[in-house]
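Letters are used for the chains, namely A, B, C, D, E and F, taken in the order the chains are written, and counting of residues starts over at 1 for each.
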Amino acid sequence: MVAVFIGRFQPVHRGHIHTIRQILSEEGELIIAIGSAQYSHTPDNPFSGGERVMFLHHALIEEGIDMSRVYIVPVPDIHIHPLWVAHLKSLTPYFDRAYTHNPLVRRLLEDAGVEVCETKLLERSRFSAEHVRELLRQGGNWEALVPPSVAALIKKHKMDERVRAIGDTRLKR
Amino acid sequence: MVAVFIGRFQPVHRGHIHTIRQILSEEGELIIAIGSAQYSHTPDNPFSGGERVMFLHHALIEEGIDMSRVYIVPVPDIHIHPLWVAHLKSLTPYFDRAYTHNPLVRRLLEDAGVEVCETKLLERSRFSAEHVRELLRQGGNWEALVPPSVAALIKKHKMDERVRAIGDTRLKR
Amino acid sequence: MVAVFIGRFQPVHRGHIHTIRQILSEEGELIIAIGSAQYSHTPDNPFSGGERVMFLHHALIEEGIDMSRVYIVPVPDIHIHPLWVAHLKSLTPYFDRAYTHNPLVRRLLEDAGVEVCETKLLERSRFSAEHVRELLRQGGNWEALVPPSVAALIKKHKMDERVRAIGDTRLKR
Amino acid sequence: MVAVFIGRFQPVHRGHIHTIRQILSEEGELIIAIGSAQYSHTPDNPFSGGERVMFLHHALIEEGIDMSRVYIVPVPDIHIHPLWVAHLKSLTPYFDRAYTHNPLVRRLLEDAGVEVCETKLLERSRFSAEHVRELLRQGGNWEALVPPSVAALIKKHKMDERVRAIGDTRLKR
Amino acid sequence: MVAVFIGRFQPVHRGHIHTIRQILSEEGELIIAIGSAQYSHTPDNPFSGGERVMFLHHALIEEGIDMSRVYIVPVPDIHIHPLWVAHLKSLTPYFDRAYTHNPLVRRLLEDAGVEVCETKLLERSRFSAEHVRELLRQGGNWEALVPPSVAALIKKHKMDERVRAIGDTRLKR
Amino acid sequence: MVAVFIGRFQPVHRGHIHTIRQILSEEGELIIAIGSAQYSHTPDNPFSGGERVMFLHHALIEEGIDMSRVYIVPVPDIHIHPLWVAHLKSLTPYFDRAYTHNPLVRRLLEDAGVEVCETKLLERSRFSAEHVRELLRQGGNWEALVPPSVAALIKKHKMDERVRAIGDTRLKR
């Protein structure tokens, strides 16, 4: 069976890896759909779609996951909910079911006739992307929450400086 | 004379019917323009444009209104105010004047040279779509505020469950 | 049962009326979806979505059709085929099946699991919108091909002049 | 009075300058609206909106025209004709009338209630942007047809090489 | 050297003029890029792109600035940060460096390899467009903060009434 | 080094595999960017972005290529050439150089400062996607031109029927 797992991965953290491992233990192939893929440089979406593809690719290899069982697909937002499932399907390989913890995504998928499953979360309050971004902005120990390869990429390319620079500001000009 | 009445109808309530009756007593034909028509499954826009067309159609028939005097037209948002009146005109039959209670819509129409009229509102605090959505979310007596045919459609197609499911959440994934 | 009939209606002609009559003899309610609804002033789409709503409304009343059985819904093009059926559904009331003579529309609907039916055409070579537009441009007897109310609207509002003016030109500036 | 003159200026040629001089002899201020402003690198639109702003600015200074009487405004295409006049107005200063030689632009402006004037053309077959692009592609004497400052910009920044490189190809990948 | 200065100019105030004078004392030519150019009639963007072009044009002439050294270019928002610098460049003449006080714009430009400079601000708390809009809404002495020609345009065309009318409301219908 | 290879892959054929093998013999990692990714069901773009992801994934595994060295990324068209390289970069991992045989793509990349390389083509007249689509439409021996896994997917999911059904028609309704 082929499953799709939907997230924004801003950035990839150890909770995501935990979920991906669970799904791969149940399914033959996994499509990882990266939502809001066209955005970067905002407080909620600091990393570009391409950077998030890179995070996932390196983290999964680091984990020893067989890359021939995984698809990593950036999916831009279209901001029109009744078209979203058709949009997701148009950019991803065929799938049999979906995994998500978000109630709206679950509702949209179910209304379109897609079977939706859940996985157990790894300490959600700690392993959340929002928390990682908060620590990045404030200088806390964000590195402990993300895979080592992701931390290395963020530091090598100075993305941590970007997150701080765009911190609380919005594009005001 | 032909008039246009602009609303979002999320959902149609008895105040809308009250306004439509007033306008039809003054004008020959009425175009009901459903704004934000492309959206659904959000807290402010839970019902799709097509569902709102369906609500209005059934409610007006239930009221015994002559459907040959009425046009029901979904109008997607374009989010660019200086183009909005041209956009409205491009999707609706020719009209002589407009009805709205919203000061921005009034301003846009007047700036484009359209005559704008008002109707008396039916107890605005009670008969408002925002109030109906709130009652739908919290389990209050929303049915008393909407036409019976609209209540029947909402329940038959389990749209009330949808409103509760997407309640306070936003598409976070 | 509720059916949807999809066309561009540039302009409404007697073949369309023929088809609508056939469908209404089979189905309880009919949604007439006007495609490419955002366009006007082009050789292929000279009439706006709103003008086409107006054409259909007047022509059906002229034919004595019960307007409480009919929905007339403008549907803007989105130009992305894999999302089109979801887009159509989001702007129209719920429907049970669809009518179209176009092989691509048929394919898109069937791929999305919608039942598609056909009707017998009224002399296609003669009663086609393309032919009517050609006659409008060249000054032939286009009036014989459209319902009298549609001819009256076109002449009253000088849309025939518009068709000739934009004739063979494209927006070149 | 304030006038608007609409063109694509791909590139600016001596016929454009001839027209601009005529209009400035009649009107107090002139807005030059550059259409299709978002495009570049296509056979019909090889130069970017910003490059065309630059062409006009330098050519008018070269001609000794008083720049305090002129506005140069790039206007991206929206591809929806019934909204185009509202779009043009939203990006330009208020104007009293318009100049164009294109019948569709004339029709759109007149349908929106804008007065449209014409100017005498300078040998249209020779001084046309299409002809200049053709000569650029084939290596003819295009320089004779454009203002010297425009020829200098095209050569300095190797835009002539770009026109040849994208010559007859389309983005096929 | 050619510089670009990026702002929204809602409306132009004396602080903007102060900045423009500083830049022109350092650079040969200045491109003034008007951001969010497609919007008007909102609390944050009450004036259209074209009205803001008009404000700048008249204010600079009033200041005696040589208009042959200045470009005024409306730039619509695209809402996708990683494409914004390419978008800015596509609509403006070639530039050597940029001026902005906004940290996000600075970051986007620097990430794209553009040199960014700063100017000294003129009493930011007082000379800010947000403050001018607030005074316009509440009836304070906004005229003291803007160039006389801008105040004259706002009053002549009753834009002050517009700012008050759309004051705190959003398009709710 | 990381390279990007840009194509539409409508569908993947043996020439593509030949090129991918060449690039992987030169570079450490390869990003395969699938252009026009949002489209399907047209004569030129019959297969969806997701289907093309699936084609590439299965064909590369079949070839024994190490999937930890490859990224497969669908890239929707934006139809604005001067933004295209920024758009490509925003959706893909960081790359050092690009491979393409298309002169326009080469020009856009070079104008944006990206190094562009070429590979030797495998009998271009025979191994072209256009030729494969033509054979699919006319019933020729298309299977010989594509990897066996791609042929199997096309037949299993009846995509060959789709190509024939949409053959020469356009969405006319």
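Some points to look at:
One rule holds in what follows: a contact is a pair of C-beta atoms (placed from the backbone, for glycine too) under 8 Å apart; a residue touches a chain by one contact, two chains touch by 3 or more.
Quick caveat: nothing in here was measured; it's all calculated off a predicted structure.
In the contact between chain A and chain E, the residue numbers used by both copies make up under half of all numbers at that interface.
Chain C and chain F have centres, each the mean of its CA atoms, that are 37 Å apart. Chain B and chain C, compared by their mean Cα positions, are separated by 25 Å. In chain E, the residues touching two or more other chains are 38, 40, 48, 80, 82, 89-90. Pairs of chains that satisfy the touch definition comprise A-B, A-C, A-E, A-F, B-C, B-D, B-E, C-D, C-F, D-E, D-F, E-F.
Listing the residues of chain B that touch chain E in their complex gives 6-8, 35, 80-82, 100, 102-105, 107-108, 111.
In the complex of the two chains, the chain E residues touching chain F come out as 80, 82-83, 85-87, 89-90. Per the touch definition, chain E reaches chain D in the complex via residues 37-38, 40, 48-51, 53-54, 57, 61, 67-68, 71-74, 76, 89-94, 157.
Note for the complex: chain E touches chain B at residues 38-42, 48, 162, 165-166, 169-173.
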